[in-house]
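Some structures to go through are shown next.
In the two assemblies presented below, chain A is common to both, partnered first by chain B and then by chain C.
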Partner chain A sequence: MKIGIPRALLYYRYGIFWETFFQKLGHETVLSPRTNKDILTKGEQLSIDENCLSTKLFFGHVAALEGKCDYCFVPRIANLGDAGRFCSRFEALPDMCSNMFRDTGLKILRANIDPEQNIPAKRAYLKLAMQLGASREQAQAAYEAGMAAQMEDFRKKIKLNRALLKKEGIKVLVVSHPYNLYDEYIGAPIIKSIRNLDAVPICSDGVDPREARSKSTEIARYVPWVVSRELLGAIQMYRNQIDGIVLITAFPCGPDSMVNEMIIRRISHVPILNLLLDSQDGNAGIDTRLESFIDIIRFRKEVEQ
Partner chain B sequence: MSAKPYNLTYPQLGNYDIPIGFLVRKGLGLAYTSPPPMTKQTIELGAKHSPDYVCAPFKCMMGCYIEAMEKGANVIIQTGGTCRLGYYGELHEQILKDLGYDFKIMNLTLAQYGGIMGILGGIKKYAPKRKWSQIAKVIPTVAKMIKSIDKVEDYMRKNMGFEDIPGSFEKIYKHFLSKLRQAETTKDVEELYHLTMRSFSRLPVHKPDDPVRVGIIGEYFTIMDPFSNHEIEKKIAMMGAEVHRWMDLSHSVLSCPDDNALDMLRSYAKYDLKRFPSSIWVDSQRKKIKKYVSEDMGASSVATIAMADHYAASGFDGLVHVKSFGCTPEMDAIPVLHNISADYKIPILYLSYDTQSSDTGIETRAEAFYDMISMRKEARQS
Partner chain C sequence: MKKAYLGIDIGSISTKGVIIDEEHNILASVYLWTEGNPLGASKKVIQELASQIDLDEWTVVAAGTTGSARKLVGAMCNASIVKNEITAHAVGTTTLHPDVRTILEIGGQDSKIICVEDGVAVDYAMNTLCAAGTGSFLTSQARRLGVDVEEFGKIALGSKNPTPIAARCTVFAESDLVHKIQMGHKKEDIIAGLCNAVANNYLNNIGKGKKILPPIVFQGGVSKNEGVVRAFADSLGEEIIVDENGHLMGCYGAAILAHGSGIEKPFSFDVADMEFVTREVICENCPNHCEIICVYRDGELIDSWGNRCERGVIRS
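Showing the complex of A and B:
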């Protein structure tokens, strides 16, 4: 079977797991292309205006898979138990998609991950594998292979950050949901600009998630969201090794609307640049803001020396 | 904090600060300050001290807290809930402390207290000498107050649009509220309730056999707070419509929508604080909308969809979807509402409020909507 995977939202957290898992089960996986103008336009048409850019792009990616796969994989991932909750959007995605694409030929492949309601990820994935015709052993093996690939990827990202931190020059921690960090229409151009300004961008997802979540409470104790906890944790873990923080938010992101305010109020010794992106004005003006931000950091550093 | 006695406050949400104030004063034996009725200023004050694009309830509550503290409150109550509500408390606290206020926060969230016992313990801390039995004793009165408010308002929504004497419903309603503030016992509340309903039923009305019927659905806070939604229900009712709204505290917190008693009991027994306040309704409503939705989509979204489907299936003439700008779970319900609208051919007016929403703007849209649905109705009847 051909299983389509939209290259958006939690793909950037679990994509490697998903691809390995489905391939191990003997299925072909089809990824939507990297975000391009068509995907953005389609996503905007499908979505109400008020949605965050990240979600609009997601729908564009789902649409890009129409006719390219037998099923499009859209799981519901509500929470990770004690590790926290996801933005409620991730509880809603499969039902949103099945309603939005109801009159097209696109079929949605679901999984329901909700440890708070006693459905841990492992159980959900094994169930899915068996629905797809695998035996329990095959399901188990695919799950483990997926997890191993995922862990390997985490280790790689952490190693990369360690190496970057040893580099000379101005280091900027870029803090955003992973799907924003790496998307061509959100974070990627910003990261590139930072590099072009002769500074070293360091991505917030290159941390051990468990460690980051536990460190996050040193900044704010009651944040309910998994990803926000990890972003806070990354700041806490790296704050003494970096020269500045760039926050990237897809307007009007629910969790960021509150957590970023907390970061700005509670982190005082590192300069912070808060970038809000929506689809209308694209990246206009962002380069100038980045440039003056890096200039200020450079100036501060020179004064200190 | 200094040794000043505790003086609690809870943000405005419709008229529910009456039962909450009662619970604090009679149950906990502590002082309670009602935030002044919300005004444009409250909202402006709240918005000024809140992050720009946080959902509007955060800003309204912020304004209420500030105004209540100016009136002498020194303990602010925050209730948790799924969604962002679960995080309101810590940020409200930070911002208010940065503004220089001296207060405590009773932040009744799971993140803070772990479980129901923790939450109860957290409340009790403020009234250490109070016995549990004293607190428990007032619960029936509090519940009665909530149910009375909800039933009185329900009756108003359905009938006030057809009154013969302008303002007659409003007058009785105002009287009801002011008397409710003085009620001391369950019996007081009951008598007041019956008196009010009797007065309502005596009012002269001209209601057609088949009136325009409109269902209001949407986000938990904005739908229950007339100030936040610019009195959308009253506006539409007064154009000449019977307005229905299921969502209120009686339905969402006190009673379960399951039809049979056994399911109801089961639902209470399984009460799951992690899904507060949706725990008692979400599963049974989800069963009713299987054809659209398979899972819990978060916060009030399932109730929104279930009631939209119910009103549409009952032949209503239109639906109004009410939410604050950027409200994630309610945005996520919209693709489903689109399908319900198409399947039942029922028009839906989508209203997304922020703190800058203009009253005239809403009035104009509501009027145009009403004209459209009443014309459709006439066309169908002839």
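Showing the complex of A and C:
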């Protein structure tokens, strides 16, 4: 069977796991292309206005898989138990997709992960595998292979960041949800601009998530969201090794609107630039702000030396 | 021949230019309206600058551009440096006022604040999206009141009892203004109220959370309005410095940065006579359909940008 995976939202956290898992089960996976203007436009058309840019893009990516797969995989991942909750928008994704693509023939493959309701990830994935016709042993093996690939990927990202931190020059921690950091229309141009300004961008997801979540309590103790905790943790772990922080938010984001405000108030010794992106084209304003931000850091360093 | 440096600041409303010497003294300066034509306005600025100096005595060895059309005009003048307006303003202002701590700026369509420590910018905020409290907002309200906006400041200073105006948003401000006129408030009180609203709106928006320390320099078109200057002084309880060259700080900074870049590139005043055109090309190589801007000098492609990837590069 061909299983479509939208290159958006939690793909950037669990994508490697999903691809390995389905392939081990003997299925073919199809990934939607990198975000382009068509995907963005389509996502905006499909979505209600109140959705954040990242969610709009998600729907655009689902649409890009129409006719390219037998099923499109849209899990509901609500929380990680004690590690925190995911954004509530994630909980609605399968239902919204079913409704949105009702008349198109695109079939949605669901999974329900909700440790708070006693459905841990492992159980949910094993159940899914068996629904797809696998034996318990096959399901177990696919799950483990997926987890191993995922851990390997995490280790790679951490190693990359360690190397980047050793580089000369101005180091900027780019803090955003991974699906924003790596999206062609959200984070990628910003990361590229930082590089073009001769600074070293360091992505906030290159940390051990568990360690980051526990470190996050040193900045704020009562943050409900998994990813927000990890972002705070990354800041806490890197704050003494970087020259500045760029926060990227996809408008309108509930969690970020609270958490970023807190970051700005509580992290006082590192310059912070807060960038808000919506679907409007045109990065001129963003470039101006990035350039002046890096200038400020550079001038400050020159004065200190 | 002595070395000189040229700076141009191309904003959406006005275009400004200066030529400075190696000690950063201003040798020539021009200020005119952009009128939606950044290339045309810059050519005029260059022409007028040329007419103000002795070209047998001075030679421009580097040019710098800033402002919203900095890239386009930078390509036209073969600029040594193309800089964002925050850095350019900070550099220009701190050169003239080395001890400045806060730069307030309200222009025609945008506003910004820059915080300075030991002569370097350490923090800033800018607002380019909302017209409330900018020069164009005051101009349109002046029209409604049948007053010349240049007179605003003087009239406002005559008010003893400024009318409170809700200026959080242009639309609200307008309806509140109409309401206050109908209620019979005096014109000078309303005008003073508008000036207060502009200052307070600024402090509550982009000034929010910023430490506004003295010395404070206020620049941009609206700084010519004494009513707003007084409103800032009252709100902040500090002296507000308005420099007569305040409007030139962006281009002055760009010229200084051109000097500081150490890059000397031949600049010729002849660019004012050359033909520059831009053409928009849509890249068809992928669904992004990037709009690529190509700049031509006398029919020859000199620069292009707007492509998201290498496949869209357009070369001459």
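Criterion: the second predicted complex is superposed on the first by the 302 of 305 C-alpha atoms of A that agree within 3 Å, B and C clash if a C-alpha of one lies under 4 Å from a C-alpha of the other, contacts with A are read in each partner's own complex, and residues count from 1 in each chain.
Quick note on the criterion: contacts are C-beta pairs under 8 Å (C-beta built on N, C-alpha and C of every residue); 3 or more make two chains touch, one makes a residue touch a chain.
None of these values were measured; they are calculated from a predicted model.
After superposition on chain A, the partners chain B and chain C are accommodated together without colliding. In the superposition on chain A, A:Cys72 contacts neither chain B nor chain C. By the touch criterion defined above, A:Val227 lies against neither chain B nor chain C after alignment on the C-alpha atoms of chain A. In the superposition on chain A, contact is made by A:Ile296 with chain C only, not with chain B. In the superposition on chain A, contact is made by A:Gly285 with chain C only, not with chain B. When the two complexes are overlaid on their common chain A, residue A:Val175 makes contact with neither chain B nor chain C. In the superposition on chain A, A:Pro189 contacts chain C only, with no contact to chain B.
Contacts of A:Glu50 after superposition: chain B is touched, whereas chain C is not reached.
Put chain B and chain C next to each other and count what each touches on chain A; the higher total goes to B.
Closest CA pair between chain B and chain C after superposition: 8 Å apart.
When both complexes are aligned on chain A by C-alpha atoms, no chain A residue touches chain B in the first and chain C in the second. Those residues of chain B lying in contact with chain A across their complex are 51-55, 58, 82-84, 86-91, 94-95, 98, 107, 109, 111-112, 274, 292-299, 301, 325-326, 328-329, 331-336, 338-339, 352.
On chain A, the positions that touch chain B within their shared complex are 48, 50-51, 76, 78, 85, 87-89, 91-92, 94-96, 98-100, 102, 110, 112, 116, 220-225, 251-252, 254-255, 257-262, 265-266, 276. Of all residues in chain A, those touching chain C in their complex are 36-39, 184, 189, 264, 271, 284-285, 287-289, 291-292, 295-296, 299-300, 302-303.
Across the interface of their complex, chain A is touched by residues 68, 83-87, 118-124, 126, 128, 209, 286-289, 308 of chain C.
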